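Presented below are the structures under discussion, each in the form of structure tokens.
In what follows, chain A forms one complex with chain B and a second complex with chain C.
On to the complex of A and B.
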């Protein structure tokens, strides 16, 4: 989140204000924030509504149900909303003819919903990425996979960020 | 112990389904201890107890009057109470089983049948089964043994670890044990590298270090029992870091991780060549039922956490899901015929530990006396006398919760009070002296400080919705267990089947509609964050001393739609 420094804020304040961060730990992936995110980040407090973000990045392209191919590994209840580990594994070939080109993580209720995008190539060998993301409140989190032929697959999981404290 | 012949015959009519023949029934009617008779079956006997909550001595413990399920769960076990529960299992009203398993006629039946549980009585029962089935038994404890009493709190679990060892528990997993902190859990139970003072094996497949993801404890074990190989996997309470202050397990991650359970089942079956796989679980029954439908190859889940005492296992595919109640009231006995790498027959009973019908084990009784001796005088202080039935258990406020909330409101001069919906906490019958010990059985936490602060109406509503979602989320994997947060000073309507944000409505504070933007003076205890007020046991004890006599009918605060 280098853009936080650009505004002269501390890293922590920026993270708090943004309510979103994509931190990269990935195999063969390059992590970026979705296209217009840096500009949005500089205008702290501005939201990009989910629908607008999806439209900006994916146009109106249809998304198939990815439950057969995508394995989304994310806690159902976040143990710490500030650091939520997420892993995405796609069971798909990684050959020059057909491969997983991008994996996106989208947190519906974050101020900037497109949290991260990992770019993959056939040389990645395996369609896998892992990251720690920040969630300010209970939200659906989507893994969206873009294949080399342009096909989009999506899988959604609710992640609760709870007040907690009443376990039996 | 005053069990009539008629009561016994009624009860044994039910027990007949558990394998007792007519002759045994007739004999049992003349000998109360034969309530516990069990026609042995097969080559393996699993003995399971869970959630004893440090009840070293026998207790009164009333089951809930309200236990709501949502969606397809409604009206089916385990979401049954009272007469519906009795009807579902064919249990006669007024019988010892009805006393142990439901809230019905509680004060009268408590007077008739006496207290349940106690480690000295449990020990006798365990020894009896072991003598009857030499080499064929395995005793497993699902956790929540080291929390729930003053002495467990003050000794940081020491007294209960000794009792657990004396009982001869062979496999253990955990939840509330972690309130003593990870280092104390390691000291008592060891970790994956061994160590610890527990004489059995501590298993938790779902506890790992953040970052590298390495398991802290052993995940599974193989035990030779009755000539066959039993694989046991341990499952600690999945939401320990969320449900309790993070500082107790700062660098650990938990979770359900059923994919890991599946991998362990395969490893046990394919590599370790076990004949039977058992999950010792602290998930809670709803989570266990879902897990059983997703993981293949589990023969038995021995479950706890949600405190449901079920007279029969629930079968999910080929998995038997057992739920063994709480507070030492029951010992589960599951006999298995294991042959050719699978379970080909089973017989089960949830054995009620009627303390009046089972003699104390001398060694355990001596241990209990020893650990309590230095504290007896303090614990025995009578604070007040109860003129009503006082209890906590149930989806919404119990009468002893109301006493706690009154105490909090009074001390903080607050408009609204919150108290967690724990499922532990005992029952006091009318006419019973309320001692300091009784206050601790409802409050004995390592984070029992009280707090007072201003909250907006919106914050109050958000808190209530959050807890309601933990209880009534349609997907059991999102539930943390426990019950609805107890509230003082306010009343509300709840629709459990609604979505989050829409369950709670018509909230009234002091009779007036809650205003989202208005600030209210609020108080509570057991905060996950900072709390600088006095510990709640002091607040409640002071309140009781001033009351002297407690008359507390259930208050009509919650409307369920």
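On to the complex of A and C.
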């Protein structure tokens, strides 16, 4: 590795150039989007604590209790955390004027707390989604519903996990 | 896995015009999890997992799933569709390695 020094210099230069490009791109994004970066522009699943994830995705907006509207279908005890079926049904109209825009599934203690985000359209006819998720340990699972007018509704349910499924 | 990317789609056996139907779909995919070395540091590599699932019906996108590694292996998804006209329903899965897996079913009324 005698050439290590030279390589290091080149690499530094290359990284510097990359950084400049990155700044240019982010500036461009701000200009075109008017300062509001959409949640979709960044990777949804990040290795972060729950509070950081909620703050990043929802920006600290207040959440109402959705127990009257949301039906969260998830087992109370999951023997195998690697595959946990979850279903969410929202008792809300799906018309072009008022519909359920997003359904989020959040597992509080997962290393990647945001499990999935479903974007729905009125053509669905019903606000419903189902998926198989992973749970690392016994945790609260939240279903967070965002309606077309921006209202957030949340429902939390605890799931006991016998064998964790998230590995590293 | 040789079966990787195989998509299975399931719709109710009999559909009437205007019904809201529930469609279930599954794709064979490893959904790689974050790996850590002995010191607990995350191994930095491009993990292969599905990050977008798009549902298209009659040429229109009706639902999009943005998924993370917290979704199980061989992921299963379910969603509702209002069957207004006979036509094709397509579900496409896109993963972080740029692979695309697609499955479609014809919605026909009985």
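Just a few scattered comments:
In this section, the second predicted complex is superposed on the first by the 115 of 168 C-alpha atoms of A that agree within 3 Å, B and C clash if a C-alpha of one lies under 4 Å from a C-alpha of the other, contacts with A are read in each partner's own complex, and residues count from 1 in each chain.
Following the convention adopted for this analysis, a residue touches a chain if its C-beta (ideal position, glycine included) is under 8 Å from a C-beta of that chain, and two chains touch if they have at least 3 such contacts.
Remember, it's a predicted structure, so these values are computed and weren't measured experimentally.
By the touch criterion stated above, A:54 is placed in contact with neither chain B nor chain C.
By the touch criterion stated above, A:107 is placed in contact with chain C alone, chain B being left untouched. By the touch criterion defined above, A:145 lies against neither chain B nor chain C after alignment on the C-alpha atoms of chain A.
Shared-chain residue A:163: touches chain B; no touch with chain C.
By the touch criterion defined above, A:121 lies against chain C but remains apart from chain B after alignment on the C-alpha atoms of chain A.
Taking chain B and chain C in turn and counting the residues of chain A each one touches, the greater count comes from C. In the superposition on chain A, A:72 makes contact with neither chain B nor chain C. Comparing which residues of chain A touch chain B with which touch chain C, the overlap comprises 85, 165-168. Taken in their complex, chain A has these residues touching chain C: 40, 43-45, 47, 82-85, 87, 107, 110-121, 123-134, 165-168.
On the side of chain B, the complex with chain A involves touching residues 175, 237, 239-244, 246, 253-256, 284, 305-307, 420-424, 462-463, 466-467, 469-470, 475, 477-478, 480-483, 485, 500, 526-528. Contact residues on chain C toward chain A in their complex (touch as defined above): 20, 22, 24, 33-36, 42, 51, 57, 60-82, 84.
Across the complex, chain B is touched by residues 75-80, 85, 138, 158, 160, 162-168 of chain A.
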